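Each chain gets a letter, A, B and C, in the order it is written, and its residues are counted from 1.
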Amino acid sequence: MPDNWGFVIAAYGLAAIVLIAYWRFLFRREKELDDAKDVRHQLRQESSASEPRPAQSAQTTQRGPIP
Amino acid sequence: MRRLLGGATLLGLAAGLVMGFVVAPRESTQGNVQRIMYLHVPSVWVAYLAFGVVLVASIVYLIRRAEAADQLAHASAEVGVLFTGLTIATGSIWGKPTWGTWWTWDARLTSVSILFVMYLGYLLLRGMIDDRERGARFAAVLGIVAAFNIPLVHFSVYWWRTLHQPPSLMKPGPGTMPGIIVAALLVNFAAFTLLYVYFVAKRARLLRLEAEAEA
Amino acid sequence: MVVVWKDLLVERRSKETLNALFFFGLLLLFVFQFALGPDRERLAGTLPGLLWLGFILSGLLGLGRTFVAERENDCLEGLLLAPGDKSAIYVGKLAGNLLLMLVIETILLVLFSFFFNLDIAGALPALSIVIALGTVALAAVGTLFAAMTAQVRARELLFPVLLLPVETPVLLATVKATEAVLLGEPLGSVAHWLKLLAAADVVYVAVGVLTFDFVLEA
């Protein structure tokens, strides 16, 4: 019976292409999401770094009329 | 941790290739085309594993409503569909030189195709529901129905068509395949399982990141 | 409460749905005849398959509409918010659907035997068993999926896409069993198919009852 190496290569080649393509999709998407996450964290840090002062002044003015 | 898994996966796949091409002998009746089996059979086993995980994760989700369970189910279904598609494709490629035709309604190809469409429907359902919580719930129900359907599919198709070689690995008593071929199959199965775990872990993490991004 | 639901369903849907499905069945017969040509011999071999194709296609239409009335009259939210065991609703709807399907199938069977000149009198009791087993399987999953897809985009498309793959074992079993029955063979010869159908019925109804609560959550 002839060996049909062509078919064997076709099968393994197809499997390799599909699996590598999926892996690349996962890899790229993960990078996207990780970067977006880092950007969000940075923004949150920046906004919380600039918050305490206005919050303190709001608190002092609030405590004024009560006691 | 994931890097370790990735490395182990690559090693496993390499070992599988070595087993499939170097260690395993040239099969007597089919010739070297039979080596496609080292791709086709482990693929289908991993697909079943994946869908089994979908079942368990779906049940866990419905009982505990843990988002992680839902993400696991989703990821496992996706990877399962991937491997199912691969099973069909490799089976078809193997069939052309062996049976002379690209497609035949034999027991394994048919039942795997039904599985493929069932779980493709699962992914479609998920894609069509915008509400995250509702999507998770419905997908879980579908995941349970689909999984319980698998044995029904099996028996009905097997009785309907018996062209394909009977699943020799599952038969009780002495196996009909020489030990070295069985060994090669098992090594490849282990490698594919590692690949499955790697893919699912990554995919589930992606889903978690996406959920966080939306929150 | 379940009885009230069932009556409401049967009364409201029966006339319009039944008429439409009857007409649809008739059209299917025409379509089968035109698609497969006038050659009686060739047709005879495919009849069990055509019969169940007719059942399933009608079922897709009929079952898919299980929750249409609720959706159109904005009752769906009411259904979701209703307290208590939602599985009772499933059983009620399932019973209604079973009745609907059996009526349609009877009509189709009569039409088939008329148009294709089938003598089914002898096979009728055995045939009824096969049809009953298959219909329960169809309706059980159909009712569950109808509830799911009623709340989803592209519901008319998603319902058949989800139902058909799941029902393939049932289709295989019923066609094979019907074939045997129409050829005059005893039911015992297809016992394995009947057992499969019975198992499917039990599994589908059980899963339906157990998971319906999750489908109708608010």
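The working rule: a residue touches a chain if its C-beta (ideal position, glycine included) is under 8 Å from a C-beta of that chain, and two chains touch if they have at least 3 such contacts.
Please read these numbers as outputs of a predicted model, since none were measured by experiment.
Chemist: Taking the mean of all protein CA atoms as the centre, name the chain whose own CA mean is closest to it.
Modeler: B
Chemist: So which chain is farthest from chain A, going by the mean of the CA atoms in each chain?
Modeler: C
Chemist: Distance-wise, how many Å sit between the C-alpha centres of chain A and chain C, to the nearest whole number?
Modeler: Chain centres of chain A and chain C, defined by C-alpha means, are spaced 46 Å apart.
Chemist: Counting only Cα atoms for the centres, state how far chain B is from chain C in Å.
Modeler: One centre to the other, that is 31 Å.
Chemist: Just curious, how far off is chain B from chain A if you go by their C-alpha centres, in Å?
Modeler: Their C-alpha centroids are separated by 28 Å.
Chemist: Quick check: what residues of chain A touch more than one other chain, meaning two or more?
Modeler: Touching at least two other chains: none.
Chemist: Would you pull the chain B residues touching chain C in the complex into a rising list?
Modeler: Residues 62, 114, 117-118, 121, 124-125, 128-130, 134, 137-138, 140-142, 144-146, 148-149, 152-153, 155-157, 159-160 of chain B touch chain C in their complex.
Chemist: Can you list the residues on chain C that touch chain B in the complex?
Modeler: The touching residues are 141, 144, 148, 151-154, 158, 161-162, 164-166, 168-170, 172-173, 176, 192-193, 196, 199-200, 203-204, 207, 211, 214-215, 217.
Chemist: Quick check on the complex: what are the chain B residues that touch chain A?
Modeler: 29-33, 35-36, 39-40, 43, 82, 85-86, 89-90, 93-94, 96-97, 195, 199, 202-203, 205-206, 209-210, 212-213
Chemist: Taking the touch rule as given, give the residues of chain A at its contact with chain B in the complex, in rising order.
Modeler: Listed in rising order, the residues of chain A that touch chain B are 1-5, 7-8, 10-12, 14-15, 18-19, 22-23, 26-27, 29-30, 33-34, 36-37, 40.
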